[in-house]
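Both complexes below contain chain A, partnered by chain B and then by chain C.
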Partner chain A sequence: MGTTESSIVDSARARPGLLLVALLGGLLLVDLAAKLAGLSVGPVGGALSADRLGSNLWNGVVIGLVVGLAGIGLSMTYSILSFANFSHGDLLSTGAFTGWGVAFLIAGFGDVPVRALLSVRDAGSASAGEVGAHILSTPVAVLAGLVAAFAITAAVALALDRAFYKPMRDRDGISILIASIGAALVVRYAIQFVYGSDRRGVTASVDASNLAFGPLGLSVNAHELTIVVAAIGLMLAMHFMLQRTKLGTAMRAMADNKDLALVTGIPAERVVTATWIIGGGLAGASGYLYVLLRGTIQFDFGWLLLLLIFAAVILGGIGSVYGAIAGGLVIGIVFTTSTIWIPSDFNEAAAFAVMITMLLLRPEGLFGGVSTA
Partner chain B sequence: MSVEEGETGDERVGESGTDETTTDETVADDPVESDGTAESDATDADAGTAHTLDGDAILRLRDLDAGYGDLQILSDVDLDVADGEYVTIVGPNGAGKSTVMKTVFGLTTYMDGTVEFEGEPIHGLAPERIIREGIGFVPQTDNVFPGLSVRENLEMGAYILDEVPEDQIEAIYDRFPILRERKDQKAGTLSGGQRQMVAMGRALMLDPDLLLLDEPSAGLAPDLVSDMFDRIDRINDSGTAILMVEQNAKEALRRCDRGYVLVNGENRYTDRGDVLLGDEDVRKDFLGG
Partner chain C sequence: MTDASSSGDRDAPADERPESATAALLDAAKRSDLGLVLGTLLVVYLAATVLTFADGLNSVVGLMRTLTFLGLVYALAALALNLQWGYAGLFNIGVAGFMALGVYTMGIVVRSPDPAFGPPGFGLPLPVGIAAGMLVAAVVGLLAALPALRLKADYLAIVTLGISEIVRLFLQSSAFDTFLRDSLGVGTGGGRGMGMPRNPVRDLFLVDGQAGTPTAFGELVFGVFGEDALGVSNSILIDWGYIAVLAAFVIAFYVLLERLGRSPFGRTLKAIREDELVADSLGKNVDLIKVKVFVIGCALMGLVGILWFGSQGNVSPTPQFMPLLTFYVFIAVIIGGSGSNTGSVLGGIVFATVLFEGPRRVGASVRDVIDAETPPSFADAVAALDPTAFLAFATDNVAPLQFILLGLILVFIMHRRPDGILGDRIETAAAVDLSERPSGGETDE
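Moving on to the complex of A and B:
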């Protein structure tokens, strides 16, 4: 016992920050337990029911999976192409608009003008309720939209690479980062030009769309369930691709050591092309799913979400695909559970506070040093 | 005290290192005695300056100029490697030894002259093409993919093939049995000697006719160096020609068929390894004797 105590004291001396964070975390847990028990010990936040905590956690997982899915592509371009891609957020918007255009087309074909459907517009010509896109009433349309979001965004990402990034392949990361901010602006305002700048509703409301999960005491929205299934499915496919295929192994090899990949005979450009297709496609799919979650769409939502995605990727250890997923989940859960103590206007601040704390204590991130593409 | 002399400390553990190390300090006075393994007629002869072979060579460099960007490192370098031959390039730091090797593999800026492999000009080709021609390259450092398993590292060596050549992987496991035991382990967790085996195995996956080795003993613990040289001998015995740059110049010259001494990016001496070892000027100027 004596040795354990002294080693705890030693580590507390060596890393006082860790001690502080552990203390704060402990206090929050005690406060959480007290709130659940109906006691009011802490100075902030009101009463809390187990149901509310459960739904907070569930919402956190749903948002976390969407953010994590978006983070995979960001992490891949960072590790394989060595730059932080600021146009990644606008790829989410690209996927959302193009994917929902296709979903609307299938769901509302014949009833509403095609042009209004493809441009995801409700004002004047078609309302979200009229189109009636919902996973329960028009499952084929919603799933086809997801596939379209992946495919079209992959194509856009590849086109951006050929236009902006390929000519700059040998430049340093900062130059390409700045170029990617330019590419982000091009994409964002192209979207605004085509689809307009108004925020509008997308999904229809359907009666009895909540599915009850008896054992967990949870009532889960059908769209949330769709998001969870789709995101986990895409992540598993990604994992299989990285670990079991030759292309995936080559991606991990290039992320490990580009110079060695070159002398080994791995065709770098082909791997880069695949990186854009997969990373861009996943970004498009996650943007599409984010709209499924929120029910509304607007031209710059991807850009606004980008900081949160960066936070997730950095938290997980930038460059690691698995870190991006883990980081997304942490950010998502912090995002939603922080509302137990603080107003929801501040929940992004809570997410970033967790990221910064993480970087102070473990600069390489959750999965840093475990280099896996 | 030159850098080379300090590094010859590694040789003390080499199997033939005993006479070598005892003569290190006295070499300049008595070059003849210095090399117990050399043939007697070779030891007191001057090292030659004929840099090309009369017969066929699989690798043929002629008047090669190359460097990095605008910076020229090599000028008018001639070099031959015959089929199955074991050739070493030695010389002081900054002589351009590694640059020769990288130029053969298409990793530098080619400027002038020719590089022919098996009768075909290969200068200016990308590494991916040069691999297809039958040349393998083991870089000096960072020569494994640390996040990939041993087996995946080997598979990457045969990326250009449509299918993973299982028989070749088996042949490499037979050559380096420890790799079979560690095949699912990440290469980054291996010891220096085992990593070097992974790196060589990766470069041998396509069964190249010529293997380029850049400082294979760099970073190895001294007691592993002679094992590593033994492995290179065995690779050469199985018919693969070797072109090697090595800081451990004495051991490299003792093992190889022929050696090239490069100075300031130009040819200086070329001869059998044992002749170079026995040459007073070579020893004094380049081997720290």
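Moving on to the complex of A and C:
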């Protein structure tokens, strides 16, 4: 943007939409400050406690990390395979169901029939309390479930690639996009067929699972803390993989310029395989963590989350891994703090509106299309 | 496909001799669009008769009614989408949202200001409501199109999907309902939905739509086909009356799109689809043309929403206008072959009957034959180690299997036949046949 005053005026004239969005954002910030101060001038201001803002922001960060983690895989498939993968949301569901099946098996083995455990309480009549899966009471089961979610979803993603996407590697993005809609239907309804269609509780409730941070006015759930630690850990692992390993370099090269990467002798198919394993695995892990956050599971939750993940990825600049993480945080915070101004019916709509505005004003994303992989 | 040849023309060129009688029939069917559509319908009717003939004529006609209705509304939706995607290459996956806008606007405009139950409306006549529904869908389409059409195709897809979800969330919201009631005195009904105004076709058969009082026309129809004569129930006969209206709309859409496709405007559209840069270089205003076609398509989608869901008694946002509806329409267009209007009609009929209704009916029929208790869950069905029990579970839960089948078909078509059933037809952008050499030496221009 401009460094002198005249160029700011020029750019405002050239991009009236950007000016409008900046004005609106400024107005919301002023309103937020007035609300926190308890002032009220006409329609502006009102009352909002710092505690509520703090808990909104914290919830936004937690959701944002899960969405950002899911966005990494979507972003990788977009940059390396050049198509918008509509079956990505259902990979989240895959990870959640298979991962929680394993977690249940470890947490409730012996007390509850195995078929009720592996089917995440679809069969049998065991309650979530009887299985007793919780990070404080059965930490090993919850962590083993996370690992299983990663591994099984990676295998499913790889199988989908071999069966559906590999034969059409050289086709245009829209054709593969349509095929991915087909793949999404297959995965989602296979899950419904196997695990049933009803929404059900997963985690048990444990006393004293809330950790209060007095001075910040925050009450942090043990599961939220687990999610933050696990998501940041996976993101850091991803960062080191991309920056320090040969595979990461090859991935970044493929994302940057495919032809050049091929000419330099990068084994394209091996990079694609790694993309599906990592991207699919992270999607499965984030689906598993999302269920840990919400406490309930349903066969199509991943699909319903897909548009939010797209919003995050587009916000950060589609194709960029770091952008996906940042976009996830922004979308998560928009999702939870928008309830300060609008009814909670519309918080999802607000996130989509942010995505659409971003696409219209700055389609290259927050980071100006710097493609880091 | 036997019927296809009787209504189709048989002027196969002499130089390519068909190998067998069936090949000749198929050949003739391929040449005649109407024959192809009617032949497909006939095959569907035959299958419906085989499935239900044991239950009497009323069931047969009732199943045919359901299949024809679905086939026609999917054909209408597919035609509208074909204009945007097949002609101009605009990848709009917000079809469900534009349909919802059309039918909800119509409902709000036409509903009585003081209804016995449900949200109030403006109480204006039905034609005003239909025009308003198309207008609102078109205006939202315009607002979306103006900036979004500059984007790449996959971005446009995500934007339109986002818009369709925003529309659904607004209609779902009780806060938005309350806001409308406070400001305009009308409402959407929120999650509970909205009752639709009475179908005028019903008034054709019944005085004031009351069941006991047929009009002169109704008297005649009920007398010939009704319970006392052939045994078909009155409500099914009235539905067939509406199906005739839908068929007229399919023909109207088809003629409109065919004429549009052959006009200079349509040829520019196809040129844009094939190569936007070339169209731009030839001095065509690509952006303006894209906006126009997007808006026309959205208005038609609004009309389809009215014709389809407006006739269903009640609309509610969440089961009906989920993005899945959009994908159904896409599958219909893809099956038929995007770009071909006949393909869209055919794809709509094939999708609705064979892929959408077919598996449910077949599953239910198979379930009736199996003599076993249905296991309560998949895990129980597997643990039973009994193929019969598993089959009973599968046929009782045929809905998810049907979606798996749809997904596999979609992938299969994209792999093997990306141009659809009628994809071998070439939609030329030129007004004259370029493969023929001009006979005279004279050239215009």
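FYI, the second predicted complex is superposed on the first by the 350 of 373 C-alpha atoms of A that agree within 3 Å, B and C clash if a C-alpha of one lies under 4 Å from a C-alpha of the other, contacts with A are read in each partner's own complex, and residues count from 1 in each chain.
The rule is short, and it goes like this: contacts are C-beta pairs under 8 Å (C-beta built on N, C-alpha and C of every residue); 3 or more make two chains touch, one makes a residue touch a chain.
Keep in mind it's a predicted model, so treat the numbers as computed, not measured.
K.L.:
Fit or clash for chain B plus chain C once both are placed on chain A?
P.N.:
fit
K.L.:
Looking only at chain A, is it chain B or chain C that touches more of its residues?
P.N.:
Per-residue touch count on chain A favours C.
K.L.:
Now for A:P267: first (chain B), second (chain C), both, or neither, which partner does it touch?
P.N.:
In the superposition, A:P267 contacts chain B only.
K.L.:
Kindly classify A:L143 by the partners it touches after superposition: chain B alone (first), chain C alone (second), both, or neither?
P.N.:
It touches nothing on chain B or chain C.
K.L.:
Kindly classify A:L32 by the partners it touches after superposition: chain B alone (first), chain C alone (second), both, or neither?
P.N.:
After superposing on A, A:L32 lies clear of both chain B and chain C.
K.L.:
Scan A:L225 for contacts with chain B and chain C and give back first, second, both or neither.
P.N.:
Neither: A:L225 stays clear of chain B and chain C.
K.L.:
Please state, to the nearest 10 degrees, the angle that the Cα centres of chain B and chain C subtend at the Cα centre of chain A after superposition.
P.N.:
About 90 degrees between chain B and chain C, seen from chain A.
K.L.:
Please work out whether A:D259 is in contact with chain B alone, chain C alone, both, or neither, and reply first, second, both or neither.
P.N.:
first
K.L.:
Kindly classify A:F352 by the partners it touches after superposition: chain B alone (first), chain C alone (second), both, or neither?
P.N.:
The second partner, chain C, only.
K.L.:
Quick one: is A:K246 in contact with chain B, with chain C, with both, or with neither? Answer first, second, both or neither.
P.N.:
In the superposition, A:K246 touches chain B alone.
K.L.:
Contact-wise, after the overlay, does A:A190 reach chain B, chain C, both or neither (first, second, both, neither)?
P.N.:
A:A190 sits against chain C, while chain B stays out of touch.
K.L.:
Closest Cα approach between chain B and chain C after superposing, in Å?
P.N.:
Least C-alpha distance: 19 Å.
K.L.:
Does any part of chain A touch chain B in one structure and chain C in the other, and if so which residues?
P.N.:
In chain A, no position sits in both the chain B and chain C interfaces.
K.L.:
Sort out for me which residues of chain C touch chain A in the complex.
P.N.:
That would be residues 91, 147-148, 151-155, 157-159, 161-163, 165-166, 169-170, 172-176, 327, 330, 334, 376-380, 382-383, 397, 399-404, 406-411, 414-415, 418 of chain C.
K.L.:
Taking the touch rule as given, give the residues of chain A at its contact with chain B in the complex, in rising order.
P.N.:
246, 249-250, 252-253, 255-257, 259-267, 370-373
K.L.:
Sort out for me which residues of chain B touch chain A in the complex.
P.N.:
Residues 105, 107, 127-128, 131-132, 137, 139, 142-148, 152, 155-157, 159-160, 164, 202.
K.L.:
Which of the residues in chain A come into contact with chain C in the complex?
P.N.:
For chain A paired with chain C, touching residues are 17, 83-84, 115-116, 118-119, 122-124, 164, 167-168, 171, 173-179, 181-190, 192-197, 307, 310-311, 314, 343, 345-346, 348-349, 352-353, 355-356, 359-360, 363.
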